[in-house]
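To keep things clear, I will list the structure first and then write my remarks on it.
Chain nomenclature is as follows: A, B and C, assigned in order of appearance, with residue numbering initiated at 1 for each chain independently.
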Amino acid sequence: MDLLTLLPFEELSLGLSNLRMFPFFDVAHYVVSVMALREQPGHVVQLTGSMDVAQRSPFACWFSSMLYCFGGAILSGLMMAEPPVAPLSNGTNILLASLVWYLVFYCPQDALYSCAAFLPVRLVLTGMKEVTRTWKVLGGVLQAQKKYKDGLLVMVAVGWAKGAGGGLMSNFEQLVRGIWKPETNELLKMSYPTKITLIGAVLFALQQNHYLPLQKHHLMLIYTVFIVVNKTRMMLTGSNSSPFAPVESAMYHTLFARPSKDSSLTCGTKATTKPTASAASAIDGKADGNSRNGSTAGGLECSCNGLNGSTHEPSAHEESSADQAEPKDTSNKKTD
Amino acid sequence: MDLLTLLPFEELSLGLSNLRMFPFFDVAHYVVSVMALREQPGHVVQLTGSMDVAQRSPFACWFSSMLYCFGGAILSGLMMAEPPVAPLSNGTNILLASLVWYLVFYCPQDALYSCAAFLPVRLVLTGMKEVTRTWKVLGGVLQAQKKYKDGLLVMVAVGWAKGAGGGLMSNFEQLVRGIWKPETNELLKMSYPTKITLIGAVLFALQQNHYLPLQKHHLMLIYTVFIVVNKTRMMLTGSNSSPFAPVESAMYHTLFARPSKDSSLTCGTKATTKPTASAASAIDGKADGNSRNGSTAGGLECSCNGLNGSTHEPSAHEESSADQAEPKDTSNKKTD
Amino acid sequence: MDLLTLLPFEELSLGLSNLRMFPFFDVAHYVVSVMALREQPGHVVQLTGSMDVAQRSPFACWFSSMLYCFGGAILSGLMMAEPPVAPLSNGTNILLASLVWYLVFYCPQDALYSCAAFLPVRLVLTGMKEVTRTWKVLGGVLQAQKKYKDGLLVMVAVGWAKGAGGGLMSNFEQLVRGIWKPETNELLKMSYPTKITLIGAVLFALQQNHYLPLQKHHLMLIYTVFIVVNKTRMMLTGSNSSPFAPVESAMYHTLFARPSKDSSLTCGTKATTKPTASAASAIDGKADGNSRNGSTAGGLECSCNGLNGSTHEPSAHEESSADQAEPKDTSNKKTD
């Protein structure tokens, strides 16, 4: 491409690959993550919102924040049978993250939060956080490669966990705050950050196994630019539309959609109530439902809004909170 | 025994011990496991049945299927502090299991499922799956023996986990599908497969520690024949009656039954409602309840149907679904 | 101090550090732990009290008891990526604990429980259990120090887990018994034993890293004497008042309390119901609430009783059950 030859592509990619995440990018990641935690809603009566937890039990609030900030390292450690307490051994990072936590939740006049919530500042911080995503995914892939030299799937899994761990563990992070929402999780309804991290993990795993004709630092630059540009676009337009929606929709209809005459199987052979008509309409609705809602969070999923809106809400929540927090508490919101 | 001398016992047992599970027995295990997952009921309104999850989120459905197929290896890995992602490194097995998953859930005209659900075919597949159980239990016992040479209990635990892992993890496998039923689990109410696997783990652990005067391949043959014959009998007669019910009942009454004058202790010292009469009747009912329901799934348990049917339903569910899935979702069915 | 010079301090501390926990102190720990499990309340209708579980499923009851007795070793093993089944390899301890479990739940005439519940006996047993706490915390700190020589936070975390593991895992231990109470956990609302163990872990970690000018056996004696004396005082006076309440209150108000004009943030930015007046009153109530309830279990927390009593009950439950069990099932009790 002319653009690539005009830009110093090689130098940019090498420069990016040599960039150090500590301290500025790491701090941006902590700020955006803790702000996302803070913006988690809760139940007024039960006072389970993050701010309530911050007042009721600062310790639980701190623990939750650490799960947001270091969730990927913890989850990938668990998967590789390495001590999940390893992030605690990096005292400087823990101190920084704890300081960020304290200032976001307890700063006098709420100074840090107000300042960071200002859109231009938030854009920059979110962009920097997206840069750290590349490092985390790649770090996970390399971590798996040490033990499983040809284990492509293991590399994908660990890279994905390291990059999106906080989101994948969302059910258990919420449990720390006294919230339990088993009806949804990041596998049933994948948020945009989880999807983009999975794609990154697949790309880096293929590249490390020489299936992609790209050098590592080139792929790092391309991936980083893509996720930063896309995230910025989504924040500026306030749009939830995932860039993968058309591809997902096509894959879904090709591989996974079933014709309506199988409706009797839709609700399981042991369904005890409700006629198949509603099930059939749910299935029929999928062809529409998926294109209508195709852009919302959901890993190759059908929306079935007609029958059960509550578990298929689009992540309107995504607009105002940072990525890791996006779809976790949408099950009580209907914004179709 | 004359029968043993007539049959080429030594040759049979050696032949069995040298049998390779891959690919046919492994494929049979995958088919039966994924079919059991498919037959899991759910809630119509919430669309949590497996077929619903298969339509809503193929990824979650695939993940669930992998937990069914490789749950034992994952759980035993967690217990031995070995990477739980290790099964993912065996690409061929994962590909096979994924292919089986795809065909069971999405095959045009539902060909594979219809074919495999045909009773003679199902019998053969289930018999082959039972053969893999022996390999898995023994594998777990040997895995533990490497680290804990004299750790009899560790060998039992790991052998049990490896052979029945999918069932033992059922609460968390259901969580992947958005279902959460904390009121029951495989420890509170052991299904037949879990019990038979525990017995196998105990036998193989005793044999490996030279407490049983049997050679390994002899025990493998005896155990395999027993579980295959018993499972076939249960499927052909449509009976849930566990062969251990009389032994369990006797052990329970000898060791664990308490006289009714202790009824005030039955519901805990902090019980806030309900008179002890109902508790006493629950205890009195146990002597009857246990023999009446002795044949149903339940590890040395009392049925207490009079007071709380919902958590003590017999596993009528067992009849139609393969072993690993049997008692997991019975808490919403009353089939006494 | 004159007292220290009068008492043979050095000899006492050396004597204590050489004391062997096996068998008497370990047995005391098992007895007190299993008694605490037995005194767990449950729901009459669902028969989830421990005595009910003991009748319904002795196996689940035994498993729960083992989690109470060895929970610390299991949790610290998980954190350090060491096999969590390691406690099972110590056959003698498992046999002893199982014997204690059997006698506490199934002894004819309930002999052991009645005898151990007698206050003087209970005092002695609880005191001996407190002595084992020191060994467990120190053991955890040393375990972490082997892998993370300068990892102060890791040492604190692992020491804390090893000393208070049963309590920290309470949600999952309850799950074994078919109980699930996500609205509370030991991080949201720390019980006295969990707090005292955390303090011990911090002290021993600081001492091992030479931040405290104390020798190990001196600290062991001081800490042990403090926890035994305090626990005895609490049991004799029937008081829940934590000795740390004034310090906690002061720290809370200095570091974490927020002025009422931030009330709009109290319930999260996505709160959908209820005016901020009640939130404001909750915040205003905190200054009172905390001193009023400052002595109850709660790690630096606010009580907010006015708005949501159910998640902020003081651990009246603490009076009658041993430490590990104290605040776990208080969410259905209001004893303000």
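We adopt the following convention: contacts are C-beta pairs under 8 Å (C-beta built on N, C-alpha and C of every residue); 3 or more make two chains touch, one makes a residue touch a chain.
Quick caveat: nothing in here was measured; it's all calculated off a predicted structure.
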- Note on the structure: Residue numbers at the subunit A-subunit B contact, same meaning over half shared and different meaning under half, come out as different
- Message: Rounded to the nearest 5 degrees, how far is subunit B rotated relative to subunit C when their C-alpha atoms are superposed?
- Response: 120
- When the C-alpha atoms of subunit A and subunit B are each averaged to a single point, how far apart are the two points in Å? 35
- Task: Among the residues of subunit A, pick out those that touch two or more other chains and give their numbers.
- Result: 81, 180
- Sort out for me which residues of subunit C touch subunit A in the complex. 78-81, 144, 147-148, 151-154, 157-158, 171, 180, 182-185, 187-190, 252, 255-258, 262, 265-274, 278-279, 282-283, 286, 298-302, 304, 307-308, 311-312
- Message: Can you tell me which positions in subunit C touch subunit B when the two form their complex?
- Response: 39-42, 44-60, 63, 77, 81-86, 88-89, 91, 94, 102, 106, 110, 175-180, 317, 320, 329, 332-333
